[in-house]
Amino acid sequence: MTPHMLTRSLDRGATIFLLVVAALGVLIPLFNLLLPAGSFLQVPTYLVALWGKYVCYAILALSIDLIWGYCGILSLGHGAFFALGGYAMGMYLMRQIGTRGVYGNPILPDFMVFLNWQKLPWYWYGFDMFWFAALMVLFVPGLLAFCFGWLAFRSRVTGVYLSIITQAMTYALLLAFFRNDFGFGGNNGLTDFKDILGFNVQAEGTRAALFALSCLALIIGFLICRAIVSSKLGKVLIAVRDAESRTRFLGYRVESYKLFVFTVSACMAGVAGALYVPQVGIINPSEFAPGNSIEAVIWVAVGGRGTLVGAALGAVVVNYAKTFFTSGMLAPYWLFMLGALFILVTLLLPKGIVGTFNAWWDQSKEKRTAASAASAAAEDGVTEPKMAE
Amino acid sequence: MPTKLSARFCSFVLSLFLIAFALPAFAGPFEDAVAKFANDDFSDTEEAVGVIASSGNKLAFPIISALQDGRLMADPDSKKVYVTGTDGKSIDAATGEAVASVPDSASAVRLNNRLRRSVDAALGSLTLQSPDVGTRLQAAQSVFKSHEETALEAVDAALAKESNKSVKTALGEARAAILLFKSDATEVEKLEAVATLKARGDQEAMALLTGMGDQPPSVTKAAASAISSIQSSLAVWSTVQNAWYGLSLGSVLLLAAIGLAITFGVMGVINMAHGEMVMIGAYTTFVVQEVIRTRYPGLFDYSLLIAVPLAFVVAGAIGVLIERSIIRFLYGRPLETLLATWGLSLVLQQAVRTMFGPTNREVGNPSWMSGAFELGQITITYNRLWILCFTLAVFAILLAMLRYSAIGLEMRAVTQNRRMAASMGIATSRVDALTFGLGSGIAGIAGVALSQIDNVSPNLGQSYIIDSFMVVVFGGVGNLWGTLVGAFTLGIANKFLEPVAGAVLGKIAILVLIILFIQKRPRGLFALKGRAVEA
Amino acid sequence: MNVMDTRATSAMLYLDGVHVSFDGFHAINNLSLTLEPGEMRAIIGPNGAGKTTMMDIITGKTKPDEGTVLFDGVTDLTRLDETRIAELGIGRKFQKPTVFESQTVQDNLLLALNVDHSVRGTLFWRGSKAESERIDKVLETIRLTEARNRLAGSLSHGQKQWLEIGMLLAQDPKLLLVDEPVAGMTDVETHLTAELLKEINKTHTVMVVEHDMTFVRELGVKVTCLHEGTVLAEGTIDQVSSNERVIEVYLGR
């Protein structure tokens, strides 16, 4: 009974997904850099940046699906982890500006000079080193998730209660980051980045590389999620999702499982935010807005909760639609459409695109196998689902 | 009323007196003083202001206020002085007769800073005897603030005639303030002044006492004791003030959360569009006021009374519609309900934005809701007070309805045991729709009240949704009393934290405290216990 | 006093003077009960007698207001949470069959196996031959070998009941708490369940809550009747069912 764990860990859908992401990650940068501008296949740089954003959202969606789809934890504050990762990266990028800022201060970012600060606050130390910032991208969201989760799961805050307090968490952070004296640029956030690891963030080559890196991060994130959900731990997570107290009575320490997966998920969200910031060129407190986090949840719902491919796909589809509609004449109607999407998906498509497709595929496969079997052992017209091992 | 009448009588007598004496006497001291303005000399101007202010002439006020505004024109050649009105018409300052035009050679009488102060003081004393009580009170207070020695006579004169009690007190305080700073006042007078200021006991009185400069030792000592006594009474009052602000904020929170306590607390439906029901109530108020403004302006004071039932019906009907079309398909799936209703909130916001525009809409306060009154050292605005009363009334009515009415009984039955209620012949789906409609309707009513103190914009609801959920969760789901206690606790805690931590940090602190509190008591302050709760 | 103490230490489960009230309602009222190692006990009683609440107390879901609850003679259960109590070796089958519906039958059993339940253990878990053999054996016992790869949610009500008993077997606890195992079963299934429980009882201590008197009679074990949170009568099925009070409050005349 063990071998199926491994074979299942990469089914056909997952393989196709990984291949597509890998192909995009290689081809889009190549088509952008190597082909001459105006050529049919040439990908303009703004599209590279746009799709880079989508890929980051896909990673965020994966992280949400990991906890919501597989463990039933609906976090309405995952945007906070995304934003914290983004801020950690933004702080590195700010420190890289050096004397090229408006005020030319070699140490202090412009906004601190503007606020008449004399020295760098202690929590900005170390962010001039990339390795430290990269560590913080994982560590800060992870630590917050760990502390928050430890408090919440230990006292068995579940369901909508958890959702509401996660929302309160990101709301509190939103208020905090809006403050100038918090030391993160207040309202305006961090922006005017110059370079990353010595490369100009605006340069085509850097953008292409960042896009490729985002795709790589998506692949790695996907593989990590996949490994988690296809292990026995994944079965425990699903057990927790479906019958939490039953799982407890079997002797599982449910809060530890939740804490583990919540923290992993927050780190992933942090990485997504860190890759997002250099590609969009700004991070500001509005990333903490509760609305953003809920919107990310709907990507997962649209794509298919509990299917990792679906989460990533949902993020891209919804955001592509958003870009498409908000840039045209239909812009005033976008919120109607987004709102309707929330309602229609939950009412009519609870499994999401991929989930519904999977169900349809399984059913038709069954029908085919049932038809091919000469003795169609149909009892009362109901085919019994039998999975071939 | 008697004060007003007697004041009118006084001014009547005064004007008779003026007509009888001042006008015919062509070259009296008043006219001489007016002519001094034309000398373009600061000390002459000051002298003129003093004489005119104490002249009792009815032109004194227009002249000096014109001087203050730079509308007093003097012709150095003819020594004639003119007052240019704000409407462009001019009069001769000495006679009050209208003139066709001010000669080109006339220029505005100049002022320097020292003069400006005496002009202010003169104006203050001039209005001290105005027939209107409000103006007199204001004048007395402005004299109190400026405590110019020149106003002392005017204050004394006014004090002698004054019969209104509060104006009399204000005049007394103004007099004390002047005496305190008057270098040649006697020690007894100063001690009396300190006592008067101590009795006043507010921030301003304390500021005067601390900034009064060199004084005889006995006065300094009295002042010190007065300051400490004022400080301790101010501390008490600031606590009372914070408590009042807290109650006021609590009532707003309760109002916003009370509908949610029904839909979320009683039914267990998590409605993220709850804030939008509040918003719809506020816009209903706006529409009602618009209609009244254009058609029946006389009814403006009743606009809220009309808006309350209307908002209840509108928001309630929308609530029933939502329940029938969306929420009933999602019972038992709280997380999906959350997402669907969030989507709904986006749609509703955008719909309102499309219909009414994205900017704030003006909703006026009826006369009985505007203004404020003083209670000791704190100011209580009528709108806040009414909202507090209104909230408690809504709460009481709701409680009574749930307890005593047939539909309330059915609601409780359905929420406690749906299957049993259904088998007893209660139409559970009808009750669901009505309960949800009730919660939404109450949110709509909340919107009417909140339109009085908040901006009516499409985002109105969003700013309340997280707070409302916090209140319901903090108070304990399914318990209306918990919501009441939760709302007031959070409101008061917030207002007491604000002075210490600042508004934003205070709010953050409250959110963090609630998050920590939920760890300790996951089911709120007043949680239901028992087996059924877990199921 | 002394006698009680020795009994307490030798008993598998020892409840004494237990009280629980929910907002003034006394769900459990001075309940005292002792289960010897290897014993099977049937608990009967009307609705609201406190049967399920008693199980909640034993498994740590509800904390008693006062009283002693000892497991294996030494362990104070009132201080432990559900997970710890399950780890100690108390397994529970719920009144409403609770299986993991979106997972296969064999995954349900896999989850129930009493192996390493830590996060790390499950993350790096690799199945062993011994584990799969045990699952095969349990599947055979509960007659679900054919359905091993079906989703638990697609099983019939009776099959779910058995799967849950199977999960108890896989868990291999010292003490099994079985809440209404035959509710909704056909007579044949009921009979088979009784046989199964008797088989299990050969190696485990069992406490069964059941309303079905035929089933209880078939088990042929000591019976305790609860009423209003306290023990009304205790003894053989014949003794208990002839008790005047039991007839009055529960069996009816």
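Here the chain labels run A, B and C in written order, and each chain numbers its own residues starting at 1.
Rule of thumb we're sticking to: a residue touches a chain if its C-beta (ideal position, glycine included) is under 8 Å from a C-beta of that chain, and two chains touch if they have at least 3 such contacts.
A quick map from chain label to UniProt name: A = Amino acid/amide ABC transporter membrane protein 2 (HAAT family); B = Amino acid/amide ABC transporter membrane protein 1 (HAAT family); C = Urea transport system ATP-binding protein.
Quick caveat, the model's predicted, so the values are computed rather than measured.
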Ranking A-B and A-C by C-beta pairs in contact puts on top A-B
Comparing chain centres built from Cα atoms against the global Cα centre, which chain wins on proximity? A
Whole-angstrom distance, CA centroid of subunit B to CA centroid of subunit C, is 65
Centre to centre, by mean C-alpha position, how many angstrom separate subunit A and subunit B? 47
Cα centroid separation, subunit A vs subunit C, in Å, comes to 43
Mark out which residues of subunit C touch at least two other chains, giving numbers and ranges. 61
Would you mind listing the residues of subunit B that make contact with two or more other chains? 534
Could you check subunit A for residues that touch two or more other chains and list them? 245
Show which residues of subunit C lie in contact with subunit A when the two form their complex. 59, 61, 81-83, 86-87, 91-92, 94, 98-104, 106-107, 110-112, 114, 117-119, 122-127, 132, 135, 149-151, 154, 167, 171
Looking at the complex, which residues from subunit A come into contact with subunit C? 1-2, 5, 228, 231-233, 235-236, 238-239, 242-243, 245-254, 256-257, 260, 384-387, 389
So in the complex, which bits of subunit B are touching subunit A? 270, 326, 329-330, 333-340, 342-351, 354, 466, 469-470, 473, 504-505, 507-508, 511-512, 514-516, 518-520, 522, 534
Complex contact set, residues of subunit A against subunit B: 68, 74, 76, 148, 151-152, 154-157, 159-161, 163-165, 167-169, 171-172, 175-176, 178-179, 245, 290, 294, 297-298, 301, 332-333, 335-336, 338-343, 345-347, 350
